[in-house]
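Each in structure tokens, the structures are laid out below.
Look for chain A in each of the two complexes below; its partner is chain B in the first and chain C in the second.
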Partner chain A sequence: MVDILLSGTTQGLIWAILALGVYVSYRVLDIADLTCEGCITLGASVTALLLWKEVNPWLAVLIAFLAGCIAGGITGVLHTKMKIPPILAGILTMISLYSINIHIMSIATEKQGTANLSLLRIDNLYTDFSSSKLGELLNMGKTNAALLIGVIFCVGIIAILYWFFGTELGSSIRATGNNEKMCRAQGIDTDLTKIIGLALSNGLIAVSGALLSQYQGYSDVNMGVGSIVIGLASIIIGEAIFARTKRFAIMLIGIVVGSVIYRLVVSLVIFSGMPSTDLKVMTAVVVIVALCLTSFASKVRAKSAKGGKGNV
Partner chain B sequence: MSEPLTPMLSLKGIQKSFHRGTVNQKDVLKGIDLDLAPGDFVTIIGGNGAGKSTMLNAIAGVWKVDGGTISVDGVDVTATSEHKRAKYLGRVFQDPNMGTASNMQIDENLALAARRGKLRTLKWGLTSGERASYREQLKMLDLGLEDRMSTKVGLLSGGQRQALTLLMATLQRPKLLLLDEHTAALDPKTAAKVLSLTDQLIEENHLTALMVTHNMRDAIAHGNRLIMMHDGHIILDIAGEEKKKLTVEILLEKFSQTSGSEFVNDRALLG
Partner chain C sequence: MKLKKLLTLTLAVLLCAIGTLTFASCGQKAYNLPIVCGETGMTEVCGVATYGVDYYALGVKAGDMAADILLNNADVSTMAVQSDPNPALYVNEEVAAEIGFTIPQSVLDRANATGTQKVTRETSAIVTDGADFTIGILQLVQHVALDQTNEGFQDQLSVRMKAANKTFRVLDENASNEQANNVTIATGFVAQNVDLIYAIATSSAQAAAEATAETDIPVLFNAVTNPVEAKLVASLEAPGANVSGVSDINPVALQVDLIGELLGKDDIKIGFLYTSAESNSVYQINLGIAECNAKGYSYVDKGIGDINDIQSAFIALKAEGVDAVYIPTDNTLANGVANVHSLNIGE
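For the complex of A and B:
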């Protein structure tokens, strides 16, 4: 049981990075970006390939991030420069990534059409860390190392996001998701801010995939299916918990907490005997119900806000 | 009239059609010529669909015009994109929701506006020094917003937002201020307040401005020059002493003389 909670938490932290990425596109930019589904796999495949080639695992995560940024940037260009609706732009990138991911994994095996890549018995972040001096000093096994690394990534990414969205550039990205017309009137290149926002979002999603592949010990071309819904579920749970907060940092922490809660619930549900193949529909139902509730709540709020405002 | 100074705005033969080349083609601007001297405050009236908003959008670069040239202070901006042109322009829209980011705080909105025309870098987006100066400027609006700088703009009333948008439009002194019926969505009392704030900001900053209004009295009472648009043309352009002597009756008469039709704008006669 403790094992289940521990691995649930660790996985929650890894998926939280994806949820933070989805937050950037869905909440900050107000774009439902399906690139996510191919991008988590892209992060996993790139990392798997690099680990096969004995590249340093930390460097592999960084390269996965950059690969994700490129994928997100492409969706951004399709949407802004070629005027393709964002949903379709995301789908187009996602579909392309399916083939690309297989190509990436095929490079490692030198066999065409490799749809998954095992990372068992290959050194990764977690084994590296637990066998490092620091890991030995802390006497950490692989499981604890994975938990610690998850915490480090989440804290670091929250700190970076908090800083970034406070900068001039970050503020203009936030404003873009809020009111594009106003942004252009204020001299903001909204094409550019969307492209940067989508690149950042998908970079994070790829990092999530990079850690996930190392944690579960393989990369699989289908591992991203439904991932955007999982991200949304985490965001919605987080927002429900920290409903009253106006602070951006708390909001981000809420998403991580939401993701961990989601994973723990999933672990427990599976532990209790529900077939894991039913998970996706369960997640979808959770998101549907939550979205209905929030749209209902905002309607109520809008109604009460209309009444009684003072002059001017 | 000879014009020794470079015009602050110069429109030459501006044409714009929507749905061009389809059966629905609609020619909206049919050759607009207009020169504004620095410091001109021009009010614009005209019936519904005369092309007033379209002219302002053409100047702002919301889309490219189909013909003609647009220069701001001697710089040809005809081919310049909307966000680059914003460097020269302050804009306030009819819809109070349009001019601000409602999920962001008052001070954050001002900080966005203060960087109009500048490269947005990885420097902090809102410094404490800035906040102090915004507080002073908000005090001038006399709406108590200086004590609510961390409030999300979405919680403000329409009038408060228009006042804030005006301040945002002038925070970085624009070469040209574009106001498109910016008081039309407000109740009369609030509209009057926002209008007097408009006068004040234009006067203090010596701005050149174009103000569309549906209210003939306002058009007569404000600014030093008045133009009337009809069916994609400027059909009246009255400035100086003649403008000061204008009345609603004279305007209506001039309108039917030049256009050969009755002035059709239900709202224009009211108020």
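For the complex of A and C:
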């Protein structure tokens, strides 16, 4: 049981990076960006290709991030410069990425039409870490290394996001999501802030794909299916838990917690012994119940606060 | 005045349409080439005969491998990857009649004799408590063919377990086509320390192989077309690690042989029609060419870029003077088989 929870947590941390990326577009910029489903596969495919070419895994993750930034930037340009509605712009990038991802994976195998690139028995971030001096010192297997690397990435990314959204550029991106017209009145180039925001969002999503491909041992052109739902569910669970906070850093931590909870719920549903066909509906039910409970709890809190102080 | 104009216009359009149609049907001649496809679904539309992979039989094959591992301590790293031992011969007399091709009686006779042989499941061998072995089944998605490999596996394993007086528990999980669940299920099986993982479809098998990399839990896969390319095994004969299983590759060599049998002579020229961008198709064509070389058949291969190239590729094959056409299991051509058929019968 502990092992199931540990592996669920590890996966939750990897998916949390995606959720943080979705948070940047969906909450900070207030844009529903569907590039996500193609972008996580892009990150995975780029990483898989680079690992086949024996590039250092850390460098591969960085290049995957840049690839994701480019994809997000394209969505941004389609939306801002060509005036395509954001949902459609995201869909257009997503469907193009399907072909592009196949092309990327085909470079590795030198065969056209490669839809699945295996990473089995190829050195990756986790094996590198567990066989490194530090890994040996801590006596870590692949599972624990994956957990530790997940924590390192999440903490690092939260710190960077917290810093970045405090800078002038970051603040103007946040302001764009809050009130675009007001921003333009203040002289902010909102097209640019949107493009940068979307690039950052998809860069993070690609990093999630990069870690995921190494953890699961392959990149597959269909692996992004359903990822936007996972991202949104993580954000909403996180927001429900930390409903009262207005602090940005706590909010970001809440998303990571939300992602881990979502993954644990799926693990528990899978191994609770119910028929496998009911997996999706049961996952939805558990999330709905969690949301109802938290909204019920906050109502009760609000009521007692009102009764106690008389005026809120 | 307006009405007259309208009538004239309509008449002109109609005449044009009739003219074009007549011209087209004159220009369109029937090719009447016997076609053998990689799978039965495509053969139903345009082929005269083929060997179809029986996914239930593939499951039974995997069930036997699992029993050998669990009951006889067979070493999975030395178990060769299996394929359908006895693919079913399927003939399509309707298409044969349409193109005016006579299927030899010897082929017709064999086609009638085969069919799916189901194994009767020994339900008493499958228990939920106190089982001798726990089997984790990881299936990618609810799908008829994949369901059959799952059913055949459990049926055959139950028979073997019953014979050995043992019992087993099945953790039957389905990722519901969400690949994130592949990892969750695979790592969950490892956490529960199952005795064997049976993974159905390529990405599920890869997730299971990765999750068991640091353990000695044997993994058997099924419905994987090319296990070597998927890096599941080092080679088909000697997998080399804790992973082996059953491939669902269609019996290309048998299908090429079938063309020779259908034509009733050895001096033949086979045209291969496939999509060059699909790696599985290229893989099958290479197997087909190897068989042609072994049998001394001559061949021409025509790769198409997309579905719009079918007509020109078909005409080119005819111009090369092929006696029959082989189409592998190919996603693009699966969508274009109706087109192939209407070209072939000259409609």
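Assume the second predicted complex is superposed on the first by the 272 of 312 C-alpha atoms of A that agree within 3 Å, B and C clash if a C-alpha of one lies under 4 Å from a C-alpha of the other, contacts with A are read in each partner's own complex, and residues count from 1 in each chain.
What we mean here is this: contacts are C-beta pairs under 8 Å (C-beta built on N, C-alpha and C of every residue); 3 or more make two chains touch, one makes a residue touch a chain.
Not measured: the values here are computed from a predicted model.
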Practice item. Identify whether chain B and chain C fit side by side or clash on chain A in the overlaid structures. Key: fit
Practice item. Once the structures are superposed on A, label A:M223 by its partner contacts, choosing first (chain B), second (chain C), both or neither. Key: second
Practice item. Scan A:W52 for contacts with chain B and chain C and give back first, second, both or neither. Key: neither
Check your understanding: With the two structures laid over each other on chain A, which partner does A:F248 touch: chain B (first), chain C (second), both, or neither?
Key -> neither
Practice item. Return first, second, both or neither, reflecting whether A:S276 touches chain B, chain C, both chains, or no partner chain. Key: second
Review point. Just chain B (first), just chain C (second), both, or neither: which does A:D189 touch?
Key: first
Practice item. Tell me which partner A:A175 touches in the superposition: chain B (first), chain C (second), both or neither. Key: first
Practice item. Determine, under the contact definition given at the top, whether A:Y162 touches first (chain B), second (chain C), both, or neither. Key: neither
Exercise for review: Mind working out whether A:Y98 is in touch with chain B, chain C, both or neither, as first, second, both or neither?
Suggested key: neither
Point to revise | Superposition-derived comparison: chain B or chain C, residues of chain A touched | key: C
Study note, to complete from the structure: Smallest Cα to Cα distance in angstrom from chain B to chain C after superposition equals 28
Practice item. Report the residues of chain C in contact with chain A in the complex, numbered from low to high. Key: 139, 142, 171-174, 176-185, 187-188, 190-192, 202-203, 206-207, 209-211, 213-214, 229-232, 241, 275-282
Study note, to complete from the structure: The answer for chain B against chain A in the complex is residues 60, 81-84, 86-87, 89, 91, 93, 97-104, 108, 111-113, 115-118, 120-126, 143, 152, 155, 157, 159-160, 163, 168, 189-190, 193-194
Check your understanding: Which of the residues in chain A come into contact with chain B in the complex?
Key -> 164, 166-172, 174-175, 178-179, 181-190, 246, 305, 309-312
Revision key, fill the gap. Within the complex, chain C is touched by chain A residues 1, 3-4, 6-8, 11, 15, 106, 109, 111-116, 118-122, 141-143, 212, 215-218, 220, 222-223, 225-227, 230, 263, 266-267, 270-271, 276-277, 279-280
